[in-house]
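Some structures are shown below for you to check.
Common to both upcoming complexes is subunit A, partnered first by subunit B, then by subunit C.
Our next item is the complex of A and B:
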């Protein structure tokens, strides 16, 4: 009986509510803009598929051919034009390019990062450095390499300079932001005891932000490895990227591309694992 | 007793703010005195303390420390004066990732050459002195612990050690016990009092706890909205003075003035 009584009261409560829909979202500017954007993008996608020039390709056949290519690439890889040892050496060359540019970039970026951190330099200097760095970062690495190739010629020199250039701009932003996160009280404390700028940098700022700096630098190293592969192909910087370029564009050997891809994948995974381990040990 | 610190008609107006943070502040502190500055939040206590070692530049007025006009000093001389003034903070302001002894030795950076400071090269005497100070403060078993592994009270004792290794003439303490539990707070205040009495170091403390200020100080300076409204010994303070400092009825405040004077 008691249970029955409760049910009726609950039913009465529901009846007392005015019967109108309750909206969870309100219509404000941001929801209108997001929805309009999504709608326009959806419309454009549909339109694009209708307006493609398909050149009377048989869709099913094309799909099957692609799968066949992928299958021979990844399931039947082989090394025909060079040995395993050579491939390993070329991967090391590419890693070397990534390491060199990251190292150069990191050393230069520490200095400019200090100048770009608002709490360590003046507001004026900080905004100038940040502005220049943002401009450099906005231009892709590949483009910088090609720009420097005008002076240095296509090859490893242009690749090193261009990649260093972009690494510096990337790391300056990363470093300066970790410097800015430092508790300003620590700087105040050392300043109050009469310590100078360089002493504060080396005794308080760098020890406090070292973990951030190392993890950012390693992230950039991973990026630089990927870029170094592309530079081998696009700018003739050597390394595994160049072999890949030759296998695909010159010998048209899909199976060799597959083998090289596995090499690069293995190194990338290795880097990832190292980075994770390093981070764990540092904190 | 000669005056170690003399503040004359000190005023401070922050850029872009209308009212003055400090208006015509005058007081003097003798060698070895223990002085508490009390007043409500935002009254200008921290600003006053930071004007003394010029972490903040005063707008007008003069500050004389050890017969030198601090407000007129050049960069190099200012650094020299700062090495003679230790500072202690509410949030300890230690470098979290470094050890207790490294943080303590930081107090010596101001006296070192840039290179030695950058590389963290300390002499044997400096290290011995650091150990001596740390053992006085009861931290000798923790010298290799990282600062972020310490409790609040321990951190503040490291803060005191860092200030003491400077061999300072004066300590400026900006609400040193505001983040501590009553037990740790008592330990810290006892150490500060002991430093003042046995080492003859002048101590200037910003405090929120009126009863603590009355118990430990030789002199109390009360500040309200940037002006000194009381300057005298703790024994001379009355309910009216407290009311002028805090702008409320003394009865409303959570402490017992009579009880303190009686004890």
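Our next item is the complex of A and C:
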């Protein structure tokens, strides 16, 4: 009887707990925000497609035309209005613009990066510099170039200075973050031994973050090359971008655009490979 | 011995500085950069901006139209980024060393992404202008191609970083390819991927301004219109509106990053 009773309780226990799947996902703030972000982005995307200004374009026809264009661009490129040597020289001009911008940007950014690093300057100075830099970064590069063009005239001066603004703000952020990673003990030890601010900078801060700074600077050089192409097109800064703009907007020559695209692609891929090699050698 | 070390170090830095100076000189000559003008034009520009480049009372009338164009540009940027991200996810899974089906498909998908990434969005805009004209779709596809290329590279790095260990472990237990992808790879790299997508949206709004200038659509066109007609007060208003929008989006994405990472 007793044994029987025990059996029934065991049976009841089994019945009371139906098989349930183990709950793998827990609802915490992080998952909620993740899902909300995904949902909002998806919703905005769907809304965007309904609100686009299509201007009565036949979508299928335009797609087919684009494919045809891409085909003649990449498979039948030609240079009609200038020679191979000229194109090579224009690529060099664009590289020159990118180089000058990166150099000026890096020099200025080292200084402001030191001011923006919280462990090297005061908290107050750091947040002021970071705020100004965030504002500068928020203005698109092309607008900086055009604003400077009013004072300096369209050309390489306006382009380099306008692009430098953006490079500085980008590099200040990157540099100051790598400065802030420096071990607190190193600075303290140097301070205790009586080293001045500049000595700390040159003997501890810069040597320890040099590899980071070089790879960030080279990355910015890569970006600046692409930006310089765009500025040549949009702000008359010269270089290969200007030729591309002319081929696209004035001569309507898709094949010449193809040839120019090959030039840009070759340089960009070369820079990317160099950057990867540089990164491997530094680390 | 020690003196030798410092002498060598000094020689190396001297050689580096000389090389840098040489390249700088070449760059200055090639680009016809006027160094003196470069220095004098900064104070000139600041003086001009303080004198002319600020919104006035009259320019505020144009604000509703500007906001309309801004919203259009924002939507184009977001739509291009999310669709680009979906395509990039597929290519990243095929291209990553930990999750690729085989080496052949891996290198093909990474090669496609490399080509798309290295043609700048401005170049894409000029290519697409031929068939799509001055519609939103030109900007949309240009941003889509650019985002797709960039996000594929970032996603490949994220997948390699976040899930190489767990993929190996799951493979050892005999889990199938798709369950590995959906239960391990995507969940573990999701936060980092969202962070990249948010970064891409910020970048795309700035690029959209440039594309608008080139193709005559969106907020970039609005700026160009007032800038070319010397209505600098309205142009300044456009710049401020863009800055406000980008700073808002940066704040939102910084909040999301803080919570999910």
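One rule holds for everything that comes next: the second predicted complex is superposed on the first by the 221 of 283 C-alpha atoms of A that agree within 3 Å, B and C clash if a C-alpha of one lies under 4 Å from a C-alpha of the other, contacts with A are read in each partner's own complex, and residues count from 1 in each chain.
Throughout what follows, a contact is a pair of C-beta atoms (placed from the backbone, for glycine too) under 8 Å apart; a residue touches a chain by one contact, two chains touch by 3 or more.
Since the structure is predicted, the reported quantities are computational estimates derived from the model, not experimental observations.
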Given the touch rule stated above, what does A:241 touch, subunit B (first), subunit C (second), both, or neither? second
Touching partner for A:208 - first (subunit B), second (subunit C), both, neither: first
Could you tell me if A:133 is touching subunit B, subunit C, both of them or neither one (first, second, both, neither)? neither
Greater subunit A contact set [subunit C / subunit B]: C
Return first, second, both or neither, reflecting whether A:198 touches subunit B, subunit C, both chains, or no partner chain. first
Spell out the residues on subunit B that touch subunit A in their complex, using ranges where they run on. 53, 55, 79-83, 85-87, 89, 91, 93-98, 106-107, 109-112, 114, 117-120, 159, 162-163, 166, 172
Contact footprint of subunit C on subunit A as seen in their complex: 29-30, 33-34, 37-38, 41-42, 44-45, 47-49, 51-55, 57, 59, 62-63, 65-66, 69-70, 73, 89, 92-93, 95-97, 99-100, 103, 134-135, 138-143, 146-148, 150-152, 155-158, 160-161, 226, 229-230, 233-234, 238-239, 241, 244-245, 248-249, 252, 254, 257, 261, 264-265, 268-269, 272
Which residues of subunit C touch subunit A in the complex? 20, 23-24, 26-28, 30-34, 37-38, 41-42, 44-45, 47-49, 53, 72, 75-76, 78-79, 81-83, 114-115, 118-123, 126-137, 140-141, 190-191, 194, 197-198, 206-207, 209-210, 213-214, 217, 220, 223, 227, 232, 239, 242-243, 246-247, 250, 256, 259-260
Show which residues of subunit A lie in contact with subunit B when the two form their complex. 183, 185-186, 188-196, 198-204, 207-208, 210
